[in-house]
Amino acid sequence: MKKRVLSIVLCGIMALSSLTGCGSSASGDSAKAAGTAAAETTIEFWTIDLKASFGDFFNDMIAKYEADNPGVKINWTDVPYDDIKSKLVTAVAGGTAPDVVNLNTQMTLTLAAQGALVDLNKEATEEQKSIYTESLWKSASIGDSVYAFPWYASPDIMFYNKDLFDQAGMKVPTTFEEALSECDEFHEKTGAYLFTPDSYFNLLISENMDVISDDGKSAVFNNADSLALLEKYKEYTDKGSISKTKWGDWDEELKEFESGKLAIVSSSGSSLSRIKDEAPDIYEKVAITTPLTGSNGLSRNPLMNLVIPEASKNHEAAIAFANYVTNDDNQLAFCKTVSIFPSTKKASEDPYFTSDTESLEGQASAMSAKASLTSEDFSLGIGNQSTIEDAINRVYEAVIINGDDSKQALDQAEADVNAILAENAE
Amino acid sequence: MVIERIRKRRNPKKLFGDIFAYLLLIFIAVICAGPFIWLLLSSLRVGANIYSLDFKLSDFSLENFTGVISYMNLPMYVGNTVIITVAAIVLDVVFSAMCAYPLAMMDFKGKNIIFGTLVATMIIPAAAGMIVNYLIISKLHLLNTFLGVILPSSVKAFSIILMRQAYLGVPKELVEAARIDGAGELRTWAQIMVPGIMPSISTIIIFDFIGNWNSFLWPIIVLQDPNKYPLATALQYLNGSFSYKFGYVAAGTIISIIPVLIVFMVCQKNYIEAVSGAVKG
Amino acid sequence: MRTKTATMKTRRTINAYGFMAPALILILVFTIIPIIGSLILMFYDYSVLGTTKFIGIKNFVKAFQDRVFLISIKNSVLFVIVVPIIQILSILLAVLVNRNLPGMNVFRTLFYIPVVTSMVAVSIIWGFIFDSNGVINNFLQNAGIISMPLGFLSSKFGAMPCIMFITVWQGLGYYMMMYLAGLQGIPGELCEAARIDGADSLKVFTRIKLPLLKPYIWFCSLNSVISAVGVFDVVFVLTKGGPNNATMVINYYSYTKAFSDFQFGYAAAIGAVQAIVTTLLSITVFAYGKKGGMTNGD
């Protein structure tokens, strides 16, 4: 039943493969022989963008696991961020699904909603589940099911340009509210923007506004509060004291920060090395503190996870390996190589994260530790969150960028989100 | 004679026209190549703010190039790309040239249907194309092989149609003469027709070269072993959040463009003749 | 005698298919089967990961109630404006580079650079130029022409023209070479004769060169229409369809439906609509070509 359509297509292919066989397999590639070893369990392990910087680290970790678990072989493939989804979907369709995959929370939830991932709450042991920080363990859950082992987090920290604040003679704001009230003066005195708001979806969450109803069936964000919030920001963008564009786009904000035209940027600690490389002049002026927050007091903490596709042939072995990669020791070791933060209880309390307060990099790491206490990966706990986020962020594009009517844009977004949710229920 | 030539050169109207033409050419060249030149300059610069347009001679160095070459094991990726690109071009040129020959020169049943189908494949997109192709490649046991990367995009309907047009331009008498001499179809094709469409073949080489050299997504889907990746795919890694380094991205991009430009310059002359042969038919 | 011609004809047919077999098999397997697969899929609810269900024409019903899909059709049709722009500009450019001046090969190569530039480079370069901190805004602000940066790719009215501009930029060199080939195929005596008859450069161009270029114009326009309706790369790397769907085009929408929302059946249905739009516009070009006698310009 599962793939009837394609089986029709496949019948044709099979018939043809005998024909093409003569023309194509003649030059037979040597690598085909690999992976035919008999009784071994092979775990296909996919990560996102890690090989270039941490190749040796992972190879060592894998070698150690293979030594400790005879009969298990790990095949590590590292995939660029932009292509992981396409590669995963085609592999699943082709019956060559990997066993352990690195995904962010949004992608995890999208795939989970399709029934493509293993429910770890059911299949993992209590011992395996117990090591993670409570709030992070729950971030990739739908109902009672949990679809991922949380791995490394990159909590937002705030980089600010000391020179610009000196020039303005102003203090660094701590909340969006404060930042908004100071942005006029700051822009007037320095010619630079004080800050760029987060995406509209994130703003709603930061300001404690509900986006969808508790039963996950309808949109509830179209109300007087969200309208007022939007209009308030619009007032300042119309005056030109904050940027109309690039809301919530840290990559673009970073570029603006690097050209000295933006005083604050919230991003993960690893952005520091990029600033140093791309804008050495600005790097000299950088200082670090906690990111701006809204009324819920939380900042963003995007999380990377490890998931097990339902189509994997070795659930148990895959879960064991995923658990190994995300255990205390391995996470701690990984965090020591780059400014990220672990998702397990014990590792996150390690003194390492607060040991170095001299260098900027050390401060970034300490600040990550601090920020991670008051942050979460903004998750609605439903599938296709990214589609819903896009629909809501289009309100910002319509109103702030295009200058359309706020109420109308919110109505439109409400209708769009309701349509998406209805499709979910089908 | 000499006087005439001097007079010609001094013709003020012509001189004026030439100067104007050059100004226009330079203006368009700035629009077309300017962005590329900025990228080139940026790739040669180290230790300066990348958003500054103030290019200082003291900042220039080849560090990004040597850096990216050793960081990425570039020679290996270039080698892979060359294998993939050359194989795809050979397959396309040989098979398309064979296929186009009867379409242009022979009368047989089903000719119009085949020609029509080829045109249709250029117009109809296959939304699930990548997935179906993956299934096919996996059924043929070609996953993680160069052949799996090469085959799906090797022979193109566009190439066949272009070559068919080119064959139509080859003088009929040549073909007749060969037939009278008793040459078989295969010999006629190989000795008379193929040399007759050499210009057209160089056009297809350029197009295929650009297409295969720059393709990155399909190789990622088919290949598991990164050591088999072509250059464009490997360059994707430079965009990773942990490894992002603008200088490397710029240098890598420049390195990937240069071979295509060289192929273009080499084929340029043939190329012009090729298209003039192809479209008229 | 009759049977002899009959067997000759059969033999010729066998010969013909022998020549075509390798290419046709590859095209059948890797192009036609995926197209047929997609044509079947458009009647299914197919997500690859979940279950598959036959749903008849529901995908099409859904499409025509889908606001964003309708916007994408409108945008794609609008986008076809680039076709005449590219064609006219590249003909003029071809005339320019057809002059016999020293260094022309260098200029031709420079004009061809955009054609060979990979999409990664396009996104870096144009992202940098059109950015609110980018080259153009910096220049205009320093010159005191504007006080606030203009949002090129991030504004409702700016995004589409910018995408079109980049498409023209990338296509110019390609079609320039096509037309240059056409111009070089025109016998020099024809133009000489016209000049002796007192025609100026403009007249030589409109009366002699342009009519002879007609088969090229037809061929290039057709090609250009197909790629304009299928525009994807530029949108993918620069705007992702934004802001607020201002640059949402059919091909990109179909891609997001497939690979972001896993609605492969729906994506296939959208692809079918794209094919219909392309066919209609191609027929228009064909019809225009016939009327203007573009097919017999040799």
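Annotations
Going in written order, the chains are labelled A, B and C, and every chain counts its residues from 1.
Quick note on the criterion: a contact is a pair of C-beta atoms (placed from the backbone, for glycine too) under 8 Å apart; a residue touches a chain by one contact, two chains touch by 3 or more.
Only a predicted model underlies this, so the values are computations on that prediction, with no experimental measurement involved.
The busiest chain interface, judged by C-beta pairs in contact, is B-C. The chain with its C-alpha centre at the largest distance from the centre of subunit C is A.
Distance from the subunit B centre to the subunit C centre is 16 Å, each centre being the mean of its Cα atoms. As a whole-number value, the distance joining the C-alpha centres of subunit A and subunit B reads 37 Å. Under the contact definition stated at the top, the residues of subunit B that touch 2 or more other chains are 51, 131-132, 136, 151, 236, 239. Shared interface positions of subunit A, i.e. residues touching 2 or more other chains, are given as 6, 9, 13, 20, 86, 89, 93, 255, 259. The multi-chain contact residues of subunit C, meaning those touching 2 or more other chains, are 22, 26, 29, 33, 37, 41, 48, 133. Per the touch definition, subunit A reaches subunit B in the complex via residues 6, 9-10, 13-14, 17, 20-21, 24-25, 27, 29, 31-32, 44, 48-54, 75, 77-83, 86-87, 89-91, 93-96, 255, 258-259, 268, 270, 274, 277-282, 338. Of all residues in subunit C, only 22, 25-26, 28-29, 33, 36-37, 40-41, 44, 46-52, 67, 131-133, 148, 151, 154-156, 242-246, 259-262 touch subunit A in the complex they form.
Looking at the complex, you find that subunit B touches subunit A at residues 47-51, 71-72, 130-132, 134-136, 138-147, 151, 217, 220-221, 224-226, 228, 236-247. Against subunit C, in their complex, subunit B makes its touches with residues 18, 21-22, 24-25, 28-29, 31-33, 35-36, 38-39, 51, 53, 91, 95-96, 98-99, 101-103, 106-109, 111, 114, 117-118, 121-129, 131-133, 136, 151-155, 157, 160, 185, 189, 210, 214, 232, 235-236, 239, 249-250, 253, 256-257, 260-261, 264-265, 268, 271-276, 279-280. If you check the complex, the residues on subunit C that touch subunit B are 9, 12-13, 15-17, 19-20, 22-24, 26-27, 29-35, 37-38, 41-42, 48, 93, 96-97, 99, 101, 105, 107-121, 124-126, 128-129, 133, 135, 138, 169, 172-173, 177-178, 180-182, 184-185, 215-216, 219, 226, 230, 251, 254, 258, 264, 267-268, 270-272, 274-275, 278-279, 282, 297-298.
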